[in-house]
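First chain written, first letter: the chains are A, B and C, and each begins at residue 1.
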Amino acid sequence: MPEADQIGLVLLNGVSFGMLLFLLAAGLVLMLGVMNIVNLAHGSFYMLAGFIGIAVATRTGNFLLGALAGMLAIGFVGLVMERFFLRRLPGHVEQVLFTLGCVYIIWDLSRIIWGSHPQYLPPPEILTGTVPIGDYSFPVYRLAVTGFGVITGLVLWLFLEKTRFGAVIRAGADDKEMVEGIGIDVKLVFTVVFTLAALLAGLSGVLGAPILTANLSIDWQVLTLAFVVMVVGGVRTLKGAFMGSLLIGIVDSVGKFFFPELAMFLLFGLMALILAFRPYGLFSYRGLH
Amino acid sequence: MEYLKAEGVSRNFGSLNAVRNVSLSIGSGERRVIIGPNGAGKTTLFNLLTGELEPSSGRIYMFGRDITTAPVHERVHLGLARTFQVLNLIPNLSVLDNVRLAVQATAPFRFNMFRSQNAYPVLIDEARSMLNRWGLWQKRDNLVQELSYGQQRRVELIMALASKPKILLLDEPTSGLSESVAASFMKMVQELGRDTTLVIVEHDMDIVFEIADYITVLHHGEVIAEGTGEEIKANRTVRDIYLGEDN
Amino acid sequence: MDLAPPMLKRIVTVIFLLAAGAGIFIVTPLYINSYYVLIFTEILIYAIFALSFNMLMGYTGLFSLGQSAFFGAGGYTVALLVVRADIDNFWLCLAAALAAATVLGLVFGYLALRTTGIYFIMITLALAQMLWALVWRWRSFTGGDDGLPGIGRPDFGLPWSLGDTTNYYFFILVFFVVSVFILYRITKSPFGRTLVGIRENEPRMQALGYNTWRYKYACFVIAAIFGGLAGALKVYQDGYISPTYCSMLTSALVVLMALIGGTRIFAGPILGVVVVWSIRSIVSSHTEYWTLILGVLMVVIVMFARQGILGYISQLWREVRYGIPEG
């Protein structure tokens, strides 16, 4: 029977990991809700950002610069992808195929540039160190990431609910034709949303590097989990992405703690249950709210 | 026995009450026409009867059997068929393929994976007889989208007839057709005989009074009047609603 | 030739195809270097896989990104039985592999078909990836990242050893021909024609009286079975198994193969496999950039030649024969 502080540790690990997933899932939900696009390269964004962030951070000695570099680089990649390619593709199948191709292009380019070994990034100086949890210690950095995830969630929510542009995005998710009819440039909205999602993924990729390292299998790892988050939490709501990320992060952490080899069964079981009874997720809802 | 019956059927979409407490009862061989201004809930009612939508409340019966929650495809096997207001053919397939699939839908071998579809002559024979009857055999190898609008409307009807339905629901079958074409189309529909009970949504009043045994008038999702052609013509409320439309 | 009666045309076409087929598939491998025979064998195995995928994508319109799950299930069942349970009997292992693929197909299919469209795509991906993660993490059982080595070729006690590349090729050829035959028959059957109707207009098919879910489910399981067959044959070919069998790369590969050949024509995926696998063999023997090329190929095909090679040819043919079509 695990002790209280062990449980606390497992939960905290799960929550902090969940927040990283949330940054990804939020972007995916935005893209799916507003543009009806699934970006399979989202995990690749995360991975590439990690590599770029580490490269810049180690060269400049500045974590923040690394994070910024990673975020902006991926934002740029996302912008180019949407503006010049995705926009031209007629349907789901084509978009999925295109982004899938991008996954492999990004993967191999990363391998060619940075090699096959995982890369490490130490957290920024102010956030090093640990906090005692009973007999164990928990990294301060993970706490910071958790806090950051929550804040980002709030900011996103405020942006969508309280600002004019957020309202436009929500309206576009509900009814594209109507928004076009009002005279809003839907194409611009799409580009902004996609770029925003890419920026989030990029940021998440660098922030996650001290926790998960940057390596060549992280792209599918995080994308798969982000998908599971969406399936479980709800494919179109930010709330679902948040709750789902927490849940998946915790289940993943618990699974790895108790049955390290079979942790996947737990997640699979959860996903199967949701699909069997609520195929569109726990917090499914029409529109983006 | 009533062939098709709706009892207190309602359907809401959020706060929109598209259909409110509608009851109707259609008997064997009847020609029922449902009329009403746009937005009256006619197509929603149709979708409830055919199973594309589930009612928020109320029940639906066919031949005395409760089909309220029966899925669309099941109702076809019980004897119901429908056409769609907006053409709903199977694109990129030929006219013949469309009709063959329609005939096959109620055939016992429709799930067979081992024999070629061509090994079942009944499909082509039935298709030929129906296409000939409606003058489309010549066009059988054309893709459906290559046909004229009027021809496509005929294919739409043939596909519904393929299951030899006892009850046929036609949702604005003459929509988009010129007056003369619509009239001849409906004449052929009438020739279907009383073995087929018809429930039709129609806007053209000439056609309505020509074909209807009984008329149901919908307005804002409710039944506001029911009766024979003569009774409806004389009905004050109905006349008020249709003021300005052709009578 | 347009004056000849259709029956004669048909007979001539069949004879021609049989002759060409025999020439390509039977005679050629006897005279070429065993390296190329190996490639041929892999092409046949992937062709079975690609055809199974195309039943879902090309015929039913179901874009599954998780077919590697069944390929892997077939492969790992054989590998585990041979390596962990010391079971030598080929037919037993094959039957088990097909059974495993069937069960997985029944479970995954049921879950994935709870949704449609883009969600279906996502869920098939997630399910397959979870299987991959399971296989990858469960080192004690599946060998994890290192996989399981030591799977010998099946031994039927015949004078010809299947360890020989050319012999094994002909062994696989039998499975290929049988699979092509079965899948082709299915596409021509009432069931198969219904799938096409579902692809083009599922709601109307339901309104005609088809229980479309049942058809989609059955198709999913069929694709799973043949995917599992391909995986089982591949593991005997390779002699070892690794989690790559279950990976997204395998799923993506089979998608690209079907796409390049053309998903709307039965033989499209076969051609696609030939093209993709040939490119891969050339690229892999000279460079380390196959994955990059794979990605580029996918992007290029989807942007410029969505219908694939055979699709493009058939479009040209129709334009020549019937005049330039409208729209």
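We adopt the following convention: contacts are C-beta pairs under 8 Å (C-beta built on N, C-alpha and C of every residue); 3 or more make two chains touch, one makes a residue touch a chain.
These numbers were taken from a predicted model, which means no experiment stands behind them.
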item	value
Centrality ranking, top chain (CA atoms only)	C
Centroid-based (C-alpha) most distant chain relative to chain A	B
Computed distance of Cα centres, chain C from chain B, in Å	42
Centre-of-Cα separation between chain B and chain A, whole angstrom	48
Between chain C and chain A, distance of the C-alpha-averaged centres to the nearest whole Å	32
Complex contact set, residues of chain C against chain A	63, 65, 107, 110-112, 114-115, 117-119, 121-123, 125-127, 129-131, 133-134, 137-141, 248-249, 252, 255, 259, 289, 291-292, 294-299, 301-303, 306
Chain C partner contacts - residues on chain B that touch it in the complex	50, 52, 71-74, 76-77, 81-82, 84, 88-93, 97, 100-102, 104-107, 109-118, 120, 159, 162-163
Chain A residues within the chain C interface of the complex	32, 36, 38, 40, 85, 88-89, 92-94, 96-98, 100-109, 111-112, 220-221, 224, 227-228, 230-231, 235, 260-265, 267-268, 271-272, 275-276, 279-280
Chain B partner contacts - residues on chain C that touch it in the complex	185-186, 188-194, 196-197, 200-201, 203-212, 214-215, 218
